[in-house]
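What follows are several structures.
Next come two complexes, and both contain subunit A; in the first it sits with subunit B, in the second with subunit C.
Right after this comes the complex of A and B.
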């Protein structure tokens, strides 16, 4: 049993697990985006794809034994700490992603109020 | 043409293309990622302590890529503006369902505590995990609680836009003062001694900017929440 854990704790193996998992989530979102007809489900699929990218960035900085890049609690120097750049990027991207998702939702709600349609195949306003 | 057959062909070709794309990306990334992408921040961590801020993520967000953060806040502002524009087009009123006494009292009790926690997360953003974005969203969640439980509660547009404008303008003014004093936009012109690292007042402009970001994100998110809630009420 401990052999499995030592194998899984290798850096390359952790990287591969993070990468394959987030890619799988990405393609779950992509499949939803392509196969669903309801507009809100399409927005949710896009959101799932976005979250898989966040997972990839945050997970790719993981190194076993490293801490968060914050001083204090006995840490005096920035040594043995995780890379702060992906964290900083994803931190802002989560908030922006939520706001843009809300914007898309508001368009969908308003379109439904005006026409009563949620199926994207029936949206014919732009097809002249 | 046969519709069923068309759909089947589209689905299979889509799945095949997705699988091909997945295999290609995995092949590229598994071979290249671990060495090249991993340690981009080593150098940044080395020069990080010059700014006297204990939280390296905050330094990256507010200082090294402060200009990008200004742009991201602009994106957030535009999204909030779009939601307000789309959803406030009609305003018919409807009968309101009164909340229960327990819900009202509990939300009134919790509201100041959540606001206080949001402000704490904002102000201590340079010392501990957290910061302006997170604190702003916590403040917005407090307003969400109050908006759900009290049907007649409404945020004043003028107060929220005053906060938002003030925060946006002061971000740019601090950046321009850095340009004026130190010849680079968002330069850290307030004295920041490295010996004060870990204190509440340390790091020069960095905590100041993060509080400004928190005010802006909080007001924008509260406005988004109110627009979505009040609009979807009007059935």
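Right after this comes the complex of A and C.
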């Protein structure tokens, strides 16, 4: 049993799990985007795609055994820290993604109030 | 002179709106216009500076964030502030008769749009570019849904979905760039990008192309554009066509020149631009809605600018900057004129052009369209002539042929519109235009005519700008040398 854990703890294995997992999630989202017709489901699918990219980024820049660079110990353990930049970037991107998602939901709700339509294929206010 | 004001002032204005709105009904509108004029003056004063100015924020590059104001970016900043302040003054007049509901938010949004467009142009950090990409996106989504009709919300939803997909691909590209190259600074990335393995380089370039392609409105990623133009209000269309797209175009090619100086994917991109142009112009022939026609015409012009910029020669970049200026000014004039027509007749069908009796509006319309078409002596001609010349010099004859065929198609529907405007047999109603409207529109047309007749007023500056845009080593040394 411990052999499995040592195998799983290797950096290459962790990296491939992160890569395969996040790409699988990406395609789940892409499938949802292409197959769903409900506006809110489409927004959710896009959010899943977005989150898969965040996972990939944070997962592949994370080094096992290192700590987050929180310098509460008087600069004694300045070595062996994880790169903080990806975390900062992903936090920003999550906030932006959430804001856009909320905006999209409010558009969808207002549109529903005006027309009663939730199906993206029936959105035909414009002439073709 | 600091370039941070261009981003900070419009954003601070947004925070000040609740306070300003207490000083009376007009105070927000007037202070927005005054602030934009101040930014215009600031941008104008930066034109004469001899060298690039790097504004370092807190930490020196490559670790910190910095803004680079060189000849190219200042030219774009000047263009954006000029168009936005003219737009604001024009809106001061419109709002007396047909104001938007909840106007204060409208002023916050247009200033956010200005700040983010300028931020896209000035940023030297790819993650900052992503942030401004999103701010510009969010303000544009809300502006397109601003009228609050079902049509407007549909446009907003379509714009938002494509924008979200674009941002996913951009974040993916940025993540891969950071994982493999360990930096976000454009100068550092420019030095390291060519060392990537070719598969990874192709993957990142494709992700960047898709991410920006949606926003730059390139075929086949531009299916949403005309619906957004039709659904959103005509005034806002002018901003989309003259400011937002141009900022995205600039930043796409800024990154393209820095990352791939050898022009590896140039032959692919030049065809993408040419195909965008011919598809858009062909579809435009069948349209009967003025807003849709000019949306397709914007797409066509953007395809033209796109394929010109992929040539990567300094004469081509000069030509492209000329076309950008000519197109932005002419399109803003056209959309502002359509606003007058829409407000008086309530329709944007092309048949309304038959019933206008206003020599002024007809003149503005025709001069702007002739400039878009690229006929002398207007500014559009200078850009088109230089561009076709640089195509011939680079021996890109297939795209050149496609572009010339597309221009012929373009002239067909423009002259159809001119024919409707000058039709003698129809009944015509006078179209009232106020003094402010007249002066803003005449100013825009005057720029087209004067600079078109005497392009040497701005051509030395644009020549320097295009050299600077292609000179990667200069960019790297200015950016990395900053603060030392």
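Assume the second predicted complex is superposed on the first by the 123 of 128 C-alpha atoms of A that agree within 3 Å, B and C clash if a C-alpha of one lies under 4 Å from a C-alpha of the other, contacts with A are read in each partner's own complex, and residues count from 1 in each chain.
One rule holds in what follows: a residue touches a chain if its C-beta (ideal position, glycine included) is under 8 Å from a C-beta of that chain, and two chains touch if they have at least 3 such contacts.
The structure presented is a predicted model; accordingly, all values stated were derived computationally and were not measured.
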Touched partner set for A:11, first subunit B, second subunit C, both or neither: first
Touched partner set for A:20, first subunit B, second subunit C, both or neither: first
Touching partner for A:81 - first (subunit B), second (subunit C), both, neither: first
First, second, both or neither for A:46, with subunit B first and subunit C second: second
Touching partner for A:100 - first (subunit B), second (subunit C), both, neither: both
Partner chain(s) touched by A:91 [first = subunit B, second = subunit C, both, neither]: first
Subunit B versus subunit C as contact partner of A:60, first or second or both or neither: both
First, second, both or neither for A:31, with subunit B first and subunit C second: first
Touching partner for A:118 - first (subunit B), second (subunit C), both, neither: neither
Residues of subunit A at both interfaces, subunit B in one complex, subunit C in the other: 60-61, 85, 92, 96, 99-100, 103, 107, 110
Residues on subunit B engaged by subunit A in the complex (per definition of touch): 11, 14-15, 18, 22, 25-26, 29-30, 33-34, 37-42, 44-46, 48-49, 54-57, 59-61, 65, 68-69, 72, 75-76, 79-80, 82-83, 86-87, 89, 127-129, 131, 133-134, 136-137, 197-198, 217, 220-221, 224, 227-228, 231-232
Subunit B-touching residues of subunit A, taken from the complex the two chains share: 11-12, 15-16, 19-20, 23, 27, 30-31, 34-35, 60-61, 68-72, 77-78, 81, 83-85, 87-88, 91-92, 94-96, 99-100, 102-103, 105-107, 109-110
Residues of subunit A that touch subunit C when the two form their complex: 33, 39, 42-43, 46, 49-50, 53-54, 56-57, 60-61, 85-86, 89, 92-93, 96-97, 99-101, 103-104, 107-108, 110-111, 114-115, 123, 125-127
Touch list for subunit C against partner subunit A, complex: 127, 130-131, 134, 137-138, 141-142, 145, 148-151, 153-158, 160-161, 163-165, 167-168, 171-172, 174-175, 178-179, 184, 226-227, 230-231, 289
